[in-house]
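Here the chain labels run A, B and C in written order, and each chain numbers its own residues starting at 1.
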Amino acid sequence: MGARALLLMLAAPALVSAATPRAPRIVSINPCLDAVLVRVADPAQIASISAYSQDARSSSIPLALARRFPANAGTAEEVVALRPDLVVAGGHVAPATVAALKRLRVPLAQFAVPATVEESVAQVRELAARVGHPARGAAMAARIEAAARTARVTPVPALIFGAGGLVPGAGTLPDDLLTRAGFRNASAAYGLARWDVLPLEHLVAAPPRVLFSVAAAEGGGERAEHHPALRRLAPRLTTMPFPARLMNCGGPTIVEAMALLRGARARLGEGR
Amino acid sequence: MSRATLWLLLALLLAAAGSLAAGKVWVPLDAWTSADPRSIIIVELRLPRTILALTVGAALGVAGAAMQGYLRNPLADPGLFGVSSGAALGAVCALFFGYAAQAWLLPLFALAGAAATMALLALIAGRSASLVVFTLAGMVLTSLTGSLTALAISLAPTPFVASEIVTWLMGALTDRSWDDVWLALPLVALGIAVLARTAPALDALTLGETAARSLGVEPRRLQRAIVLGVALTVGATVASAGVIGFVGLMVPHLVRPLARHRPGATLWPSALAGALLVTVADTLVRLVPSASELRLGIAMSLLGAPFFLYLLLRLRRRLA
Amino acid sequence: MSALATQALTLSLGGRRVLDEVTLALAPGRVTALLGPNGAGKSSLLACLAALRRPDSGAAMLGGEDVAALPARERARRIGFLPQQADVHWDVDVRALVTLGRLPWRGRGGAGAADRAAVERALEATATTALAGRPVEQLSGGERARALLARVLAGEPEWLLADEPLASLDPAHQLDVGARLRAVAAAGAGVVLVVHDLNLAARLADAVVLLRAGRVVAAGDTAAVLTPAAIAATYGVAVEVGVTAGGERYIVPMGRA
């Protein structure tokens, strides 16, 4: 054993007690948290990410990046085998899995679905801290906050129209994004709650100025998914595609979502 | 017949061993001793899950066989009395109101749902021993609890809660623990014991109700035993694993030839065959590559359609 | 063997008086036929005797005790009932079917040696031993009727009550089953049959009860009771009664009385 090794061994206790502990091994079972994780943690720290992140339709990270990590199906059995220092999950995990992790004394950090940009930013910071890289978390938080700065324009009524007519209302992240991008969420005008289905009749009777349609994003361009009634409203109502995966994740997807929304607002600025 | 039972038992042991060994994580045999930390997977996750699969399968098998014998109908299913959808509604309420954070509350709600449904069944059907009245009462309860469950899904505060409810309803044994086993096993054992005692009466019913009564069968007592037994077995199953269908429907068909068509003699083979079916299905479900583990209830439904097609073709051939 | 009797038995079904103060005494060791037009109450009377129906007032008595008050198991041992519907809901084999008749005698553990012996006797008595291993669905109508009779016989009851046991049988089988029933009575048990066919009743029954609209028109030995006058009063039909060369009575309906 060389002198250097000996030195390291002697220094080891000091290193451990210093401010940088051994970087924790993380398993994520939530694709939204994966998006944050792959950017704030060292690749060596990430033992496994959610298998959903390797599916183009549900992923919030580039597939090439996602495929570099092993994937899990979110069961306690897989998680335990990886012996992580921390498991990160969303707010809605199967009760049996949560109980199993608790019983097997695997540390679990659950992050509820963020309702506002501030919540999401706080989650980013916390996750980065847990992972042992608070600085990276701060950097990402700053980027998100910059992207989500409230626009100083007259709010234009808009609506996000999800699959099956599901509309996010007040108290949701998409609502916060709309407001910051220079829109006013028209869901309140229809008397909708936090998440509600809006019948097409009500929409056609009092259309907003802009409709962000998830269906349009899935098909790309003019799809027959668009009800003819909506197409006939075309001059008054502008429909724009809005990918579903930008709706609920928060984190870095906020940057992409805000870019989309701001772009849409800018285009309207002229033709008002 | 007892040779067939022996084969079933052997197959069951193999299936149980397979269930312990299989999964997305391969744990080599030498890691099974407590020295290796991976043994936690075996002891705390796979072993209770395997025992629960055996328990649930046996419960559903016996409940199905008893229902078919009691109703003299080979297409009867344990869910006919409404107990399984009542138990499901109880669990869904727990998920809807967010009580499921406490691990033991969800099964408790499910059992409460089963008990309430049983009480309602007794209330609606009254003291009538008529099968038609009883089956109709069961249908009323199934429709009612089913629509309330659908209502809960549609009123869910966020789509995530709705998704959680729907996922739970599809039935699974994923990540079940010894707590679930301690809940389900005694109740199922009691239920099976109650149903086993009805075997002679079920045999007598082969001759129709009048002849059975002349042989000393007391219809109301039998009905109470059947309802209690089915409520215990099915209620405990739903409480621990969600809604798993088709087992109670398919298994008695498969073992009936072994029991030489005597309804009372189908009970124990149905327990064994049901345990075998669910354990094997649960093992396969773990091995299927998918983003999240394939739900056991879905796997059973997928088995159901081809099974009935096979029954249909066999019947057509026989009638032709 | 105990006597089977009714005491002022009254029963209403769906608002209609089905049995009206029926008082009867039936003797063991004989075949008694219950006769009467449709709706006379024959099947209801049989059901009351077997405690399968509860009378509104009055009682059916077995050896002086109310049948309805007997414990179910004891009653099942002493009274065997062969219903009219030959339902067999599952495709069991004949031996299993006949073994069902031993249910009131069996202990917890299933069929014992005594039960198996009784089943063999019943199979022999009905000439169904050769059919013992066959599934019921493969039997002809006559074979099935014999198998179901064997089921009742296997219980070796004191009283055998049968509702139209010969109804859908061809003449050969009617003779066979009829002979078995007479043999059962000869061995000491009491046999009560509901029959429609007057000739069958004349041949098989030692005693006859004529019912009309829930009331007993006449009851007693066959020869004494089965007269044209009584038959006319019961059925509203005029008959001619004759005797064959072999001494068997026959009854031919001639027209409305």
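By definition in this document, a contact is a pair of C-beta atoms (placed from the backbone, for glycine too) under 8 Å apart; a residue touches a chain by one contact, two chains touch by 3 or more.
The structure presented is a predicted model; accordingly, all values stated were derived computationally and were not measured.
Graph distance from subunit A to subunit C, where chains that touch are one step apart, equals 2.
Taking the mean of C-alpha positions as each chain's centre, the chain lying farthest from the centre of subunit C is A. Counting C-beta pairs in contact across B-C and across A-B shows that the higher total falls to A-B.
Relative to the centroid of all protein Cα atoms, the closest per-chain Cα centroid is that of B. The mean-CA centres of subunit A and subunit C are about 80 angstrom from one another, to the nearest whole unit.
One inter-chain figure worth recording: subunit B and subunit C are separated by 44 Å, centre to centre, where each centre is the mean of the chain's CA atoms.
Averaged Cα coordinates give subunit A a centre that lies 39 Å from the centre of subunit B. Along subunit C, no residue makes contact with two or more other chains.
Residues of subunit B that touch subunit A in their complex: 23-25, 27, 37-38, 40-41, 44-46, 95, 100-101, 103, 106, 157-161, 163-164, 167-168, 172, 174-177, 179-180, 290-293. Those residues of subunit C that touch subunit B in the shared complex are 50, 52, 72-73, 75-77, 79-83, 85, 87-93, 96-97, 100-101, 103-104, 106, 135, 148, 151, 155.
Those residues of subunit A that touch subunit B in the complex are listed here as 50-52, 54-55, 58, 71-78, 80-81, 83, 90-92, 94-100, 102-104, 113, 166, 193-195, 248.
On subunit B, the positions that touch subunit C within their shared complex are 72, 200, 203-208, 210-211, 213-218, 260-263.
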